[in-house]
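Take a look at the structures below.
One chain, chain A, links the two complexes that follow: it is found with chain B in the first and with chain C in the second.
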Partner chain A sequence: MNILTRSIFSKPTLIRRLFSAETNEKIKDLVTKSKVVLFMKGVPEQPRCGFSNAVVQILRMHGVKYDAYNVLENEALRQGIKDFSNWPTIPQLYINGEFVGGCDILLNMHQNGELIETLEKVGINSALKQNNEPSK
Partner chain B sequence: MTTIFRRCLEIPRKAIPFCSSPFKYTIKHFTVNMSAVVTEEQIKNKLLKELRATHVEVKDESDGCGGKFSCVVVADKFEGKPLLQRHRLVNNILIEELKSIHAFSQKTYTPDQWEELKEKEGK
Partner chain C sequence: MLSNVSKTFLSNIRKCNYWNATIRQMSAEKPIENSIKNKMTTNLVPSYLDVMNESYMHNVPPESETHFKIVIVSEHFFNLPNLKRHQLIYNLLKDELQNGVHALSIVAKTSQEWDAMDKNIGPSPNCRGGFGK
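Moving on to the complex of A and B:
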């Protein structure tokens, strides 16, 4: 199945172009539907790529609820999200409809505490923050 | 093992002549594209030249397949830019290479940050 869809989408660029406008609209809907949206390989319960797994684990540590979309299930989405964000790799994280970055950036934000701030700005309390600062 | 094999298969997939069955591919189908495989040198030279990076470390983690790289880039241009913009700078320069690279991780530093980091690690 995978091979079949791949050959359909990678060969005639015309078909791809016709779909891409539609895909762009769909992705716009997806990223604004929820506060935190992750595009990854596999599903959070079973990531199928080390980088995607890292992002899932970071979000889990922060206790964040998010929408996850498996790009391996949808070839149009896999290419579409790359074009939409102008970012060449998966995973990709959106917070409040804004592109945050991939695995490297998220890991960095996690390490220097920026992620907690970013989440707070959109009204999400990170579980890690509550651990560091016990109730006042 | 199968994932490694699959990765190697995927990289030159666009240029490989189409075969009706995956079992019909021979070594000829793949060697045609060997020149298209991205190397450490290629990435390093491009970053040094186009970004005028002061220091670049590129590591091929794909066993020569050309699908997985990690790199450290130090450049003056990163000064005052957030991480996302730094990564975008690098991505734009490597736009052609990244089409065939599967996994790419990067660390971007300004010369000052790099000196600081080296000092820390030295101690």
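Moving on to the complex of A and C:
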């Protein structure tokens, strides 16, 4: 390997930056296209990672409709979303264009009721909230 | 009956096995786990810290250091939302995350929150085969 190619390959951040501007624009479009957007491994019907599956199950319990993007099918997206959110792992959830967090955070929000509130703020009625109301 | 020579030979092999096992258990074999522990301890001065290697639950070779769970109690989290606590830890562990650590599950609490919560923290969800694909 000559010096030139070695120096290119040894600078992954440089290469990443070259095409990240375009990816960033695309991701910005994706996260604002729907109220709830999930970046995951696999698809909701067949998640390919336990953490992604946990998020899918939580969203299912709340009866939330969402866009899901499979990062395993798109390497640029897989790296791009990590840079975009400043978050090194998948899954990642966006609500109303804002980054909410990964599996741990969503599980937390689910357990302490925060998720119902967050969804309500953007006009989504959680199925769990409707179930709770008659008993109040 | 075994001759003296073969007895010594066998006992040497046993000693060898013993030392190999001991060396394997020593910190040198867990560079990433130790580096996570060090960084957490130095930067966040935790009153409680548990770093669990959960790699065995995933589709990786034995003794891998790819999947971790951190339970940490520190006053540095005071007044920080959960998202920021995670990002604080992710930033401290940037090198580890870029060099092999693939999943990091985090429970980050202040001592006040920690005292009030039940400490029953379950294992992270199992892998579904997506790793490395």
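The rule is simple: the second predicted complex is superposed on the first by the 118 of 136 C-alpha atoms of A that agree within 3 Å, B and C clash if a C-alpha of one lies under 4 Å from a C-alpha of the other, contacts with A are read in each partner's own complex, and residues count from 1 in each chain.
Simple rule for what comes next: a contact is a pair of C-beta atoms (placed from the backbone, for glycine too) under 8 Å apart; a residue touches a chain by one contact, two chains touch by 3 or more.
Just so it is clear, the structure is predicted and the values come from calculations on it, not from any experiment.
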| item | value |
| --- | --- |
| Combined model on chain A where chain B meets chain C, clash or fit | clash |
| Touched partner set for A:Cys103, first chain B, second chain C, both or neither | both |
| Contacts of A:Thr23 with chain B and chain C, given as first, second, both or neither | neither |
| Touched partner set for A:Pro88, first chain B, second chain C, both or neither | both |
| Touching partner for A:Ser126 - first (chain B), second (chain C), both, neither | neither |
| Partner chain(s) touched by A:Phe51 [first = chain B, second = chain C, both, neither] | both |
| Touched partner set for A:Leu72, first chain B, second chain C, both or neither | second |
| Chain B and chain C contact sites that coincide on chain A, given as residue numbers | 49-51, 86-89, 99-105, 108 |
| Chain A residues within the chain C interface of the complex | 41-42, 47-54, 72, 86-89, 99-105, 108 |
| Parts of chain A lying in touch with chain B, wherever the complex brings them together | 3, 6-7, 10, 49-51, 86-89, 99-105, 108-109 |
| For the chain B and chain A complex, residues of the former touching the latter | 13-14, 18, 22, 83-84, 87-88, 91, 95, 98-99, 101, 103-107 |
| For the chain C and chain A complex, residues of the former touching the latter | 82-83, 86-87, 90, 94, 97-98, 102-107, 124-131, 133 |
